[in-house]
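Both complexes shown next keep chain A, but they swap its partner, so chain B is in the first and chain C is in the second.
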Partner chain A sequence: MSTARTAVTITHPVGLHARPAVKLTKLAKSFPAAIRIRGAEGAWVDAKSIVKVMALKLKSGTVLEFEAEGDEAAVAVDALRSLVERDFDEGAALHHD
Partner chain B sequence: MTERRLRGVAASPGLALGPLVRLPEVAAAASGRPAGDPDHELGRLKQALARAAADLARLAEGQGGMAAEVLAVQQELLEDPALVEAAAEVIAGGEPAAAGWDAAIGGLVAAYESEDDPYFRARAADLGDLRERVLLALAGEGAGAVDLPRGAILCARDLTPSRFLALDHARLGGAALAGGSASSHVAMLARARGVPLVTGLGGGIDGSEGEAILDADAGELVTGADAATLRAFRARLKAQAALRARAAAAVARPAATRAGERVHVMVNVDDPAGVDAAALAHADGVGLMRTEFLFIGRQRLPGEDEQLAAYAGLLARLGGRPLVVRTLDVGGDKQLPGVTMPAERDPFLGLRGIRLCLENPDLFRPQVRALLRAAPLGPLSVMLPMVATAAEVEEARAVFATELDALVRDRVAAAMPALGIMVETPAAAIAVDTIDAAFFSIGSNDLTQYVMAASREAGGRVGRLLDPLSPAVLRLIEGVVRHGARTGRPVSLCGDMASDPAAVPVLLGLGLRRLSVAPAALGRVKLAVSGA
Partner chain C sequence: MTAPGNGKVGIVIVSHSPLVAQGAADMVRQMVGDDVPCAATGGNPAGGLGTDPNRIREAIEAVWSEAGVAVFVDLGGAEMNAEMAIEMLEGDRAGRVRICNAPVVEGAVVAATEAAGGAALDVVCATAEELSP
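== the complex of A and B ==
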């Protein structure tokens, strides 16, 4: 059993709202490890539960932490951090000139 | 019946005249049942959840883009055991299935509704959608269904995205909501589908019935309209239909004023893959190709070859008509992870546009090289965004010159494109004569925001100041046009005001003869030109 932990800042302009939360929980569920998430040093919650992740209501600029325990723990936290760094693969809304 | 007018927010433009149809409230249909024993109630809830999941899967099938994403969020929520567990606790205490479900998801809805951030608040409606869907499944077949007569105006407290998608849009004239917001998913869906929608009409709509006028251009619902109002509105409906037909006819013709003066109407393009092929075929070129699509939402930055392919591809589609490519314009409201500064206090006054590119050579150089290599392939020119000083243009020109030398040395085909600027800072507009650029393209949205000191993010009193027809903005535009005429350099305008038929005669009056507009506006702008 291994444990891994990482921290990353949310740069997506509207924060961790519904669609990014779906991508995050779906990715978390693809790993066998137990994964927890917390924002701004608040309470830890299950990163595989969209209800709990959405209830965190994390905004842009918040520092997120992931902690995984079990098989592929390190791979899981790396993949999750990368998803957050990529702004959840969502193009930011473009303004009009 | 006396005429009654309710004011709301124009969330999706358009006009409709038709019978008001009330959307049945679902919470009422599901509640009121006495609780059976807890096991039975939990079983009912699980059945309802399964039915809701099947409904969602069926709805999601025919949908793409945003609609599919809204539904995906709900599917993920349904799969989350946390919701069922919370409901089971309430049911174990002797409550019926509906009350258990309501308690489980209601807390989440309430948490979002109480948010300050409008984006999070709007998500409460999506959660409310799921709450309603399961309550409907608990109430049984047929609950909440609505029969729409042709041209009906749907009237409800609020409307959830999935109930909106389930409506027969061919029969729906429009929708009037007591609550809701213009930034909700339903509003976005309505705009995408061209369904007129007015939100925020208030509790007054509860007593409304009969034939109604929905003016979603002005954000108004009129019931009990008198004969004169009806006559005037029917005339507007007719005029709007006629205008749409004339704009469709005008799109294929070159634009000229009544005096016969030719006006070049080009289009603004984001990702060329998504641009309307007909508009691209009938435009006098592309006056603004935004390149952010190549950078935003990507795992890594686009390489030189990938960028070259994008620019060369659009040049080929234009078949000899001009293409103006704007260099990367991020910062401000457009963030790029690892590049822009997420925590900037005043992002619109910070490191954005050309400032950011000059600060990040690794970001700028591949784009410059791709543009230099595309230049021999057709009439391509390049414009720099957010220029405030002559020095910025010279600094950028030096980057182009250095990279051109390097390409020539390596025997790669390349040429120096004409280098112009966006005029969107007051500094560039006021001292335009100090800046050596091959052409000027006025970005009226940012120019207006900076000149009027009114944020584009603001609403209300501040939002109303964002008028590009303000004298201060018009004088600056006039000055740039005059400078262009004096020095023989082309001047165009590529902001939203060029797409507004009401602003077009004003711009022509100021001397502009080149406009670059949203592809969807090409026909109506050409029409406005021919009437001016």
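== the complex of A and C ==
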């Protein structure tokens, strides 16, 4: 059983708000590994739970950590980190928020 | 209205106001995408605020798949009319339709996120109901 862990800073100006939270959990669910997420060294929550991820209400500048355990753990944390680094692919949508 | 039949749990949004129902469905589509069938209904047949069992039944049928349908309602009468609509469904469909005890907008978005991942009806509803204290 492999474990992988990564940390990334949220650069999206609005932070981990509703739409990014939806994208993040959808991506997390696409991997078989168990994945946890926490912000600013707070409590770990299930990264596949949309309710729990939204409730984190993490702001821009917060350090986000992912930890995955199981199949494709390393691929999963890499993909999630990349999504956060890409500002959740929301560059064009920001002006409408 | 998104095409049904992809085996994912469908979402139906029922509000006394057609604008509220439509707006909530728009949020589902923009935030979660078009891969989850989602229908909205609101207003009474006279064009005023209210809900109508026939329209709710049509909305459920529009998003129907064997995976079932999660229904979100706003105020009292909406829930009663949704229950009537479910009773009006053909065959054993009623057993695969659930009215979720969750806020309409947040519940529908959260449920659609779960449904998009292929979750079963029970899981979709349970996740939305986590929102209610």
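Rule of thumb we're sticking to: the second predicted complex is superposed on the first by the 91 of 97 C-alpha atoms of A that agree within 3 Å, B and C clash if a C-alpha of one lies under 4 Å from a C-alpha of the other, contacts with A are read in each partner's own complex, and residues count from 1 in each chain.
Everything below uses one rule, namely that a residue touches a chain if its C-beta (ideal position, glycine included) is under 8 Å from a C-beta of that chain, and two chains touch if they have at least 3 such contacts.
Not measured: the values here are computed from a predicted model.
Visitor: Sharing chain A, do chain B and chain C clash or fit in the superposition?
Guide: When both complexes are placed onto chain A, chain B and chain C end up clashing with one another.
Visitor: Could you tell me if A:P13 is touching chain B, chain C, both of them or neither one (first, second, both, neither)?
Guide: In the superposed model, A:P13 contacts chain B only, not chain C.
Visitor: Chain A residues in contact: does chain B have more, or chain C?
Guide: Counted on chain A, the partner with more touching residues turns out to be B.
Visitor: Which partner does A:R5 reach: the first (chain B), the second (chain C), both, or neither?
Guide: Touch partners of A:R5: none, neither chain B nor chain C.
Visitor: Taking the superposition on A as described, I'd like to know which of chain B and chain C A:E85 touches: first, second, both or neither.
Guide: A:E85 sits against chain B, while chain C stays out of touch.
Visitor: With both structures aligned on chain A, tell me which stretch of chain B collides with chain C: 3-11, 111-119, 129-137 or 363-371.
Guide: After superposing on chain A, the clashing stretch of chain B is 129-137.
Visitor: Is there a shared patch on chain A that both chain B and chain C touch, and which residues make it up?
Guide: On chain A, the overlap between the chain B and chain C contacts is residues 18-19, 22, 25-26, 49-52, 54.
Visitor: Given the complex with chain B, which residues does chain A contribute to the contact?
Guide: 9, 11-15, 17-19, 21-22, 25-26, 46, 49-52, 54-55, 57, 59-61, 85-87, 89-97
Visitor: Show me the residue ranges of chain C that touch chain A in the complex, using the header's touch definition.
Guide: The contact residues of chain C facing chain A are 30-32, 109-110, 113-114, 116-117, 127, 130-131.
Visitor: Could you pull out which chain B residues touch chain A in their complex?
Guide: Touching chain A from chain B are residues 69, 72-73, 76-77, 80-83, 108, 111-112, 115, 117, 119-120, 123, 126, 268, 270, 288, 290, 292-293, 296-299, 332-338, 342-343, 422, 424, 443-446, 456, 494-496, 518.
Visitor: Using the touch rule from the top, collect the residues of chain A that touch chain C in their complex.
Guide: For chain A paired with chain C, touching residues are 18-19, 22, 25-26, 29-30, 48-52, 54.
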